[in-house]
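Okay, so chain A shows up in both of these, paired with chain B first and chain C after.
Let's turn to the complex of A and B:
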């Protein structure tokens, strides 16, 4: 009940306080001459947002960076020991290897499927229905997606009726059932497929929007000139869509590097499916190794940094066009 | 996580193409597309069917055997997970977390976005580039210092709703700022110029013009942030953790996956409880959701 009151206060109160804050500062600003007002006002309007950004993103990022050079309780400095651990421990190296698998396969498959579907739905009348179907998984949680795919991958010992569709198909053809998830050979691939199922809709929506921007007349002109569908795709659609593909691929690479929920829910890193984000959580909560956890987070950030720079550069180019 | 997307000039709904676009569809196109749609739908259908089956049935045969008569479906799994497993309480907790965690960042971001779009100040571009950079910072990089800040030696709000509201506000802000600033910046300049000539203050211009005109962007953002916080596992896992009273659905179901293990009939029902609201929101407001993704930025 207390929580209900608190929530109500927060939902109504915070916007009200912010509105009050802005109106109050306007009153106070009236004291100043107009020129001074225009100089001070932006900072007053920015203050709440900048404060949140600083407290929840900038300051902790710096803190984590410092912690990564300290011991397990963030006490004494230990030099590069945590990084030596990260790049020396077989467990963490396994996680890095899996992150690379995620990066390559997850990115390739989401962009590939997304592009194929975007191009195909452009040619049919049930475009919006088809898009909705592919897009649905993005609206549900990774936890729910994990449970959904546990039923797809379900495994019963050979000889018993299979409850999972995949193994039911395999055994119909006479093969032995496979435990897809609890299996060091197939585990990571099984999890990546769950990720692809979730994120393909995202790639499709952006690529489809890019595709609609290519003029139909241009494609028609090429066809009239005798280009077949492959040529139209290869020499017109693909080059024109390249900037959009780059954007989607960037986002997918970042998603792959940050993969956490699916792994946490489906295997918690067992069966050789560990990834950096889950390993960091383990170091933090299972082993109470703050220094090592911080070092893993910093490595994750360093892997993402080039993409961040690419993002900023792209943003600057867009701004130049405004 | 997010990326900067190129501006999309045309709304998706429009320009579904003249006949020229459809002429290229052949039976292979339809075959491939229908196969892909089935591939994407079947896993969820399997979950839904299993969630209505008796324990013995779900553990001894595939869900596809249940879609043919005789129909033997039951609601008992839902009774069990909502009652004994505490998912009804977790559902309420999810609402408690999600609604403020959606409203606060939008409120905080809208003023700053207006300042970025329509005011002049030194370091404006540098500051906004920082926001664009922060879009992709992995949350992992912030966990330890924030845990300490929320802990007994700091604000002492670990495990509370307040902790999650604050964290979601901070984490959601870069995207909110980015989307709103781009949208507000795209509003017609003349409107603000003539308002200024008529003697309207910046506050009036913001409340009477910028805010009402930005409703579509705010709607997209609200749906995005709502789905993001509703589906979030990591933030709740870290800042609510073992405080059972405040655990949202995602956290509860993630724990059930461990404790219920082979009880497919219960797990599937539990998963569907977490999906119900996002699915309703998605189908009702799909247009805004898609616009949020394509309208300049993306986040996951």
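Let's turn to the complex of A and C:
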């Protein structure tokens, strides 16, 4: 019953408040002289959104930044101790190393596979079917994907029947089974493959859309002039697709830096597979080290910020070209 | 062993019957004044009259968060069913794997369950010193509680004189399991004798399985704890828990080395040990030909023998971890499920009062897989649980799981260290040094 009342209040109340706010802004605008109203109005309309952005993004970010200089209970200031920990502890350094692996391999593989698939299926009859199949993993929750891949990677000792498809294939050819996830040599790579499996579809869809935007006449003209398919790809498609590739790549880099779910579900950072986001979660919730968690958050934010800025800038340039 | 105790406890089917049988006996505690419920907190609020005083209908709801899911959740709900019936209180249980995160954020935001399972004594101490949880001394009749509970459990639940947490069930660590068809000799008197036994007819002496998802490595920590307690004694054990003995000290190093010998005589090698889920750890006991002779695991493992290993209840038996240094004979490690109270309402008081009673705990015991936290519960559904419960009651030295008492950061590092050690024993120096580094910061307040 209470829920129904709440639902009614939300459904009716929120639009009512918004309409009320717009009416209110018109009242406020009457204070201003006629000719300046047009310049003030957009700001008043933007104000609620900016307020939400401030309360839920800017304010917590500043809070996190301040907390990163405080002790584990966010009490006293401890100077740079938390940053010393982040860049001094072998555990966190291991996480940074793995994040770099994620960054390079995950980005390279998703963009590479995405591009290859987008181009290969571009002119076949069953294009939409093929693309759907590649895209499906993105619809699966990361946790479920982690569980699925646990089964794929499953390991039994040599001589026992293998329950995991990968080890079943390997042992059929006479090799010893490999414990893919639960060993420090292959662990991170095994997890990155899971990430690639999920995200390749996303890269493919965006790149495929970019590919469709390249005018067919241009490609036709090149072919008439005697360019072979490789030349067409290398000298026409690739340069024209470059802005799209850059957008996809930056998105993937950000995804790689934020990698959390797969690691959390499959290993929780054991077997040398730790990443920064999971470490931050552990410091915060398992260890009650608020200061260190905040410091890791700040480091992650600083690592991602330049990419975000580059991305926004590129979007702007593209908008300007239109 | 966070994951260890949470997991299925077979035999769930019998539960409906048990509840019916036990709800008849339950009212004897409440009005009688002898139980913790009736006599204790008179005047300390409306619940003072006890949970089930004649016509003790309280009504309302109480929210409970714990780690139990699946069969264990069913068992808990069966356990509280008579309580709900008698008090009219609706128990709203939520099971989560992320108990620590839920409680840490809950304490910060003030959005908390009324009653919660606590992740371990370490975290409980933090909640208690911060004043987040209610002193159960004001809820229960302390004298009765202390009379009915093992002293170690009372002590573990007490922080600076405040009763912060109560145990509603417990588990014995350290039993060594075997297949009665493969090992027919007398239980060895010492660990040395045990190690000298031939593996025959099995391929190897031991089965060790360390995989446990996010908590991988914890079964190894149980090994180290059992060895430290029997090799270096309870005093060193307590100092180690308190962070006063370094990991690189000779005592702890020696425990790792002893465990290293076990690993060398274990089925399947390092990859198998790290990749095998703890629940399947005992499967090789029942394989044909058997992969191993012995498996070291807490008392909950029997349901896995049946569900994962295809064993029947008459195929396995156990002996307790044998002594290492005769000076410390009769030592036992164990664990238990702690409960604490975050909000002081008549309903949460009544629930806590009910949960500690032998009548309530008997319900779970009868379902199987649990050893009661209450010493008055002496009837167990099978011989193995009965013997484990007696071992717990008779232990000369009883110690709670060391890792679970350490700060969360230390415990997590301990888990990870076991995995690393099993993968590569030659890295012991750097593993222990790393644990020392964690130790210096984990114990800072």
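Here are a few things to note about the model shown:
Heads up, the rule we're going with is that the second predicted complex is superposed on the first by the 266 of 322 C-alpha atoms of A that agree within 3 Å, B and C clash if a C-alpha of one lies under 4 Å from a C-alpha of the other, contacts with A are read in each partner's own complex, and residues count from 1 in each chain.
The rule is simple: a residue touches a chain if its C-beta (ideal position, glycine included) is under 8 Å from a C-beta of that chain, and two chains touch if they have at least 3 such contacts.
Bear in mind the structure is a predicted one, so any value in this text is a computation, not a measurement.
After overlaying the two complexes on the shared chain, residue contacts for A:72 are found with chain C alone; chain B is out of touch. Shared-chain residue A:264: touches chain B and chain C both. Of the two partner chains placed around the shared chain by superposition, chain C is the only one that A:157 touches, whereas chain B remains out of contact.
In the superposition on chain A, A:182 makes contact with chain C only, while chain B stays out of contact range. In the superposition on chain A, A:312 makes contact with chain B only, not with chain C. In the superposed three-chain model, the partner touching more residues of chain A is B, compared with the other of chain B and chain C. Of the two partner chains placed by superposition, only chain C is touched by A:289; chain B is not.
Legend: residue contacts after superposition of the two complexes on their common chain; A:89 is shown touching chain C, with no touch to chain B.
Residues common to the contacts of chain A with chain B and with chain C across the two structures: 264-265, 281, 284.
Of all residues in chain B, those touching chain A in their complex are 1-10, 12, 15-18, 20-22, 24-25, 29-30, 32-33, 36-37, 40-44, 46-47, 50, 58-64, 96, 99-100, 103-105, 107-109, 111-112, 114-116, 119-121, 124-125, 127, 129-146, 148-149, 161-162, 165-167, 169-171, 173-174, 177, 185, 201-203, 206-207, 227, 230-234, 237, 249-250, 253-254, 257, 264, 267-268, 270-272, 274-275, 278-279, 281-283, 286, 289-290, 293-294, 298, 300. Touching chain B in their complex are the following residues of chain A: 3-4, 6-7, 10-11, 14-15, 18-19, 22-23, 26, 38-39, 41-43, 45-46, 48-50, 52-53, 55-61, 63-64, 67, 74, 113, 117, 120-125, 127, 130, 132-137, 139-144, 146-152, 154, 161-165, 168, 197, 199-200, 202, 205-206, 208-210, 212-213, 216, 220, 229, 243-244, 247-248, 250-251, 254-255, 257-258, 260-261, 264-266, 277, 280-281, 284, 290, 293-294, 296-298, 300-301, 304, 307-308, 311-312, 314-316, 318-319, 322.
If you check the complex, the residues on chain C that touch chain A are 98, 100-101, 104-105, 126, 211, 213-217, 267-269, 271-272, 274-275, 407-409, 412-413, 415-416, 419-420, 423, 434, 437-438, 441-442, 444. Taken in their complex, chain A has these residues touching chain C: 72, 85, 89-91, 155-157, 178-179, 181-184, 264-265, 267-271, 281-282, 284-289.
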